[in-house]
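The structure is given below, and queries will be raised subsequently.
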Amino acid sequence: MTKEPIIQLNHIDVTFHNKGQTVKAVQDVSLEVARGDIYGVVGYSGAGKSTLVRVINRLQRPTAGTVTVNGQNILALRSSELRAARKKIGMIFQHFNLMNARTIADNVDYPLKGSGLSRKERHDKVARLLDLVGLSEKAQDYPAQLSGGQKQRVAIARALANDPEILISDEATSALDPKTTSAILELLKRLNKELGLTVVLITHEMDAVKEICNKVAVMEDGAIIERGDLVSIFSNPQKPLTRDFINTATQIDQALEKIYKQAKGLGLDDHHQLVQLKYVGASTDAPLITELFKRYQVVSNILYGNVEILQDTPLGNLVVVMAGEPDQLEQAWQYCRDAGIQLTFLKPKDPEVA
Amino acid sequence: MTKEPIIQLNHIDVTFHNKGQTVKAVQDVSLEVARGDIYGVVGYSGAGKSTLVRVINRLQRPTAGTVTVNGQNILALRSSELRAARKKIGMIFQHFNLMNARTIADNVDYPLKGSGLSRKERHDKVARLLDLVGLSEKAQDYPAQLSGGQKQRVAIARALANDPEILISDEATSALDPKTTSAILELLKRLNKELGLTVVLITHEMDAVKEICNKVAVMEDGAIIERGDLVSIFSNPQKPLTRDFINTATQIDQALEKIYKQAKGLGLDDHHQLVQLKYVGASTDAPLITELFKRYQVVSNILYGNVEILQDTPLGNLVVVMAGEPDQLEQAWQYCRDAGIQLTFLKPKDPEVA
Amino acid sequence: MSIFAKYFPNAVTMKSDFLQATWETIYMTLITAIVAGVIGMAIGIGLIVTQPGGILENRVVYNILDKVVNLFRSIPFVILLAVIAPVTRIIVGTAIGTTAAIVPLVIGSAPFYARQIQNALTEVDHGIIEAAEAVGSGPIAIIFRVYLREGLADIIRSSVLTLISLIDLTAMAGAIGGGGLGNLAINVGYSRFESDVTFLAMLIILVLVFAIQLLGDLWARRVDHTA
Amino acid sequence: MSIFAKYFPNAVTMKSDFLQATWETIYMTLITAIVAGVIGMAIGIGLIVTQPGGILENRVVYNILDKVVNLFRSIPFVILLAVIAPVTRIIVGTAIGTTAAIVPLVIGSAPFYARQIQNALTEVDHGIIEAAEAVGSGPIAIIFRVYLREGLADIIRSSVLTLISLIDLTAMAGAIGGGGLGNLAINVGYSRFESDVTFLAMLIILVLVFAIQLLGDLWARRVDHTA
Amino acid sequence: GKSASSSKTVKVGIMGTDEKIWNPIKTKLAKQGINIKLVTFTDYNQPNAALSNHEVDLNSFQHRYFMNTWNKAHKTHIVALANTYLAPLRLYSKKIKNVSDIKKGDQITIPNDATNEGRALHLLESAGLIKVNDKVALPTPKNITQNKLNLKITPMDAAQTPRSLSDATAAVINNEFAASAKLNAKTALAREKVNKASKPYINIIAANKSDKNNATFKKIIKAYQTEATKKNIEKAYDGLSIPAWNLKLK
């Protein structure tokens, strides 16, 4: 938070009225995005994510609250000023919103009109952008001829055309295969590193969040219920929803379910305990499982494991069956706790019920 | 392949002509889906997935090839027969294709018109379906008032309205948060188990594939380049593309990159080797790491790990630093190989370059 | 009433004429709207479904409809009056008078409306049609439950346009003794230099036009759920 | 020529009349189309951008435009001819003749075209307008680069419709000595029972109508990239 | 333009059928260096408007009565320079041979332009079919005071009246349209009386008052009022119209 905030949303409300019905899509949301952040916004479908980010460039006027972008009070800008401000904010729409009557190249070229670039420069820039998203071959095609993912890539190229300072990406990679997704995320990360591009990334792919975000906000029912830097959110989620998201992302819930189903076969007893180990950072460097055996003759069998590196910090999540003498097991657990590892003892339910 | 095939595509070609330009979207694809399969179709954006599945219910007439669904030659059906056949094939479109002039409830009700159900029965069924996708509250809203994910859920409910025998799902969960995605996938799986629903699932989310598919086909440039049952594809991919997909899904590529970056700090030498271990099935039950220490005093430090359970078969993917005497290490590796574990020795590149 | 009499010296004596002319205009417009509406709608839909890529693609039918529409749109209304007099006589028993005027009015406005409908339905998203096809909807269902429903807002807007043009067209009905407000304005008011009559007749037309536009706009907005 | 003379006994002697009438029709239609096109387009765009929710939302301007369009659409063409004669005289120096007919033709067709344009542009996806707004496009850019471009296919189709209606309307130009094919068909052919003249005049109109429709359809299909 | 007297080009506003009468005169005058330009109208209101705005120099389409009404309504000063012909209206039928065959409830169509409508009603009155309020100079169907046969009188476009014969029992038809429709005058059920009362209905050549004494116009009138024109009128209107410059009305 030492970095200067480039986007400041203060107490934003957005309420929709439709035939007497009122939908409070966003309620009292405040959000501060620092220059150079890649800020992930996650939340269930319908949580208000799209509505919230549309407030940033005033595509959606909030019912209440203030919006400051780059030091400017966005809600007070006159139209010409707003236009100038918008040129610095690239936006990728959830539904692409490509112009059907223009070729792919023309769509990407659109924001460059009136940018002062020469025809040649524009042409080159468009070619570069299309190359970046792997659509050089489709330059002269029309949106209707593209696959879903191809359309999304055009939208990405268009949003980057103006060399924006801020990029708002609303599910920009949701229709993309993992490879293309990675490539796009890499690109964003590079632009972020090299040019200081600030990114607000709405996504439901926790993998994407893990891969490039440094901060995350979690939305539910129009409000931000949790926020913070990536590692702390992932290692220590406070709200059940956040935990849900992370668990679903690491698939630990499904894994546990499967493990429970096989529980009978695991022969659990006093000597065999099912334990979930969670650790952040350093713990990975000490060879934990070997250590437990060396010290306490506890044998750990990994049933499920997920060790990953977030923002250069490893994050471990293991489900193991620990086997050993009961007292040795106790000592092993204490060792784990002392090493800062979070222990959860899992009690398989009756598999028939689960 | 013992089960009766419900969908048979034989040597399908689809070619688009646009102003002299020719796009071969699908080329000589044959595909057999057995009754009760949940068949995943993955591939890069633009590979021809959507085009291929549109052939199944003849929304897209193939340029060449034959289509047999439920024993019927789909391409030879008269329109009334085709309509009857289509009623048994639910379809979720990549772009939702909701009717803007109808409420959500009406959209879901649409396929039930003329189904012979009474008004009351239809109403109840619609209510149940909307409840299933968590949109009961939005029943009287119009698509324009929904968020992206909500629209997608309406499309899912509509596709299920007719109790189809086959469900074609084109990126049905791509706009959904992980929790909703899981719920939808669970639902499909349940329908599959309980009612024998056959599902063709286009997706780019390998997690979804892992979660519910029993078979997978991988498409590239209009052709299926690899296919088979889930575990064999995941444990033993033949084509680089397939490997890419799986790796990106398990994020092993990114993990490796990060590990390489830290390689200098790992102090690798004769006594410390960076190894990637991959194993399928049983191996997990034997507490590998403890075993290696017990037998050869080799200490394994897990830098990255991913052990998951696919179709009740565990699949492990670990990156470890093994520490020990060189000859002991050799023996440990042999032990691993004998246990059916795939070993890859990783040589970190110069971190400056990587 | 005295002020009215002062500014409308001629019109004041013509209350019954105005009532009758208003009734005639409404009568002609309404009946024509219904008949031409049905015919134009049918042809417009026919054009949409039989066009290349349509749900009942049929080059021959499409071309016939297309050419017939153009043909009838090429005939000046006054000539249409004469050319179809025999048809009119068969249908309504006479070729003169208010009711007789309806036949040429229908033939004069149906092709126009057909084009309007065609243009309106062209805008219905092809993906939505496919979604209906995918659940096994037949052509009839797609026409009534998808095209007409999804295109409704645009159809209403086009209908308003046609209806207002139709009121204009009824002025020509005077040529065959059809009467109506347009005729009152032209052949009574304008020809006899009784400008107050012209003015009042036009005022009533204006009220009709505004009412149609207003109701149409409200209705269109009501059924337009796209934004 | 003898066969022609046989079937067109009157028309055969009227070659120059036909040439002139054809020219008059084309001349009136063309000039009117250009002028009414620009005016109607401007008003139609004005209606779209100032409507509630439009990019330059303005209740007052919208209501004025909306009401003016309705007002002019309410006036029967023959009366329009007379009412605006003084204006015509100011603009073209005379209130009679082919050129003078253009003024009422413009006023008669521009409001109609404005509504057509309004209807056509209503169909442009709001999301696309937002995308343009998001990259900082101003109203002018959005009108010319988005509305007119995205709505082009529909605008062409509406223009064809208007143009054909306009040819029909030029038949009325005869009232003020404007001539044209419609006048030839009605006041020479039809009124004098010289049906060959009527027939030939209509045939030429038909050719014009078909040509416009054909070219319009081709062009619209060319710029329509939605499917 | 305004200086028509010094100009050798004269614009004459006429209605369609009169072209056949004016064309030979035009040819003749061309030899005298007077260039006639005919402007054809289809709306009775336009030629006078054009005349008073000097867009035409003369017009030849109306009778005196129409001119006087016009002058009153529009505060213009149009004057008659010369008589042309008298075009008595006739009542025609395809269904019956005599006025007496007209039955209760029959339909009779009449022209709907103001003057012809009034004249048509007077014609029906003189044929003993109806009575109209004689205080009204140009009556409309509203001014019918007695309609024993309960006739349905339908005003319509003058050009349509011949065609209405297929539907109506009888129709009052202008000469120009009767001639076009090749109706035989001898079969007419009734004809407008040609007497002193017809005087206002004699067609005229009219000009603005300021041009009353225009020398060129006099030449034109002289060229019009010839035997050749007389023959032309009889030919063009199948003898239905009566050349009126020498006509003595009793």
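Quick notes
Lettered A, B, C, D and E in written order, each chain numbered from 1.
Convention: a residue touches a chain if its C-beta (ideal position, glycine included) is under 8 Å from a C-beta of that chain, and two chains touch if they have at least 3 such contacts.
Only a predicted model underlies this, so the values are computations on that prediction, with no experimental measurement involved.
Shared contact partners of subunit A and subunit D: not a single chain qualifies. Under the contact definition, subunit A and subunit E share the contacting chains D.
Shared numbers divided by all numbers used gives the overlap of an interface; between subunit A and subunit B this overlap exceeds half, so the copies present the same residues. Each chain gets a centre from the mean of its Cα atoms; the one farthest from the centre of subunit A is E. For the pair subunit A and subunit C, the distance between mean C-alpha positions equals 56 Å.
Averaged Cα coordinates give subunit A a centre that lies 21 Å from the centre of subunit B. Taking the mean of the C-alpha atoms as each chain's centre, subunit D and subunit E sit 35 Å apart.
Touching two or more other chains at once are residues 78, 82, 186, 190, 226-227 of subunit D. The set of subunit A residues that touch two or more partner chains comprises 95. Multi-chain contact residues of subunit E, defined as those touching 2 or more other chains: 45, 159. Shown are all chain pairs that touch, namely A-B, A-D, B-C, C-D, C-E, D-E. Residues of subunit C that touch subunit D in their complex: 53, 66-67, 70-71, 73-79, 82, 112, 115-116, 119-120, 122-123, 126, 154, 157-158, 161, 164-165, 167-168, 171, 182, 185-186, 190, 198, 202, 205-206, 208-210, 213, 226-227. Residue ranges on subunit A touching subunit B, taken from their complex, read 16, 18, 21, 23, 42-47, 49-51, 94-95, 141, 145-150, 152-153, 170-171, 174-182, 204-207, 210-211, 244-245, 248-249, 251, 253-255, 258-259, 261-262, 284-290, 293-294, 299-309, 312, 314, 316, 318, 321, 323. Those residues of subunit E whose C-beta lies close enough to touch subunit D in the complex are 13, 16-17, 39-43, 45-46, 49-50, 53, 55-56, 159, 162, 177, 180-182.
Against subunit D, in their complex, subunit A makes its touches with residues 57, 59, 79-80, 83-87, 89-91, 93, 95, 97-102, 110-111, 113-114, 142-144, 158, 161-162. Partner subunit A is touched in their complex by these residues of subunit D: 125, 127-128, 130-138, 141, 145-146, 149-150, 152-153, 223, 225-227.
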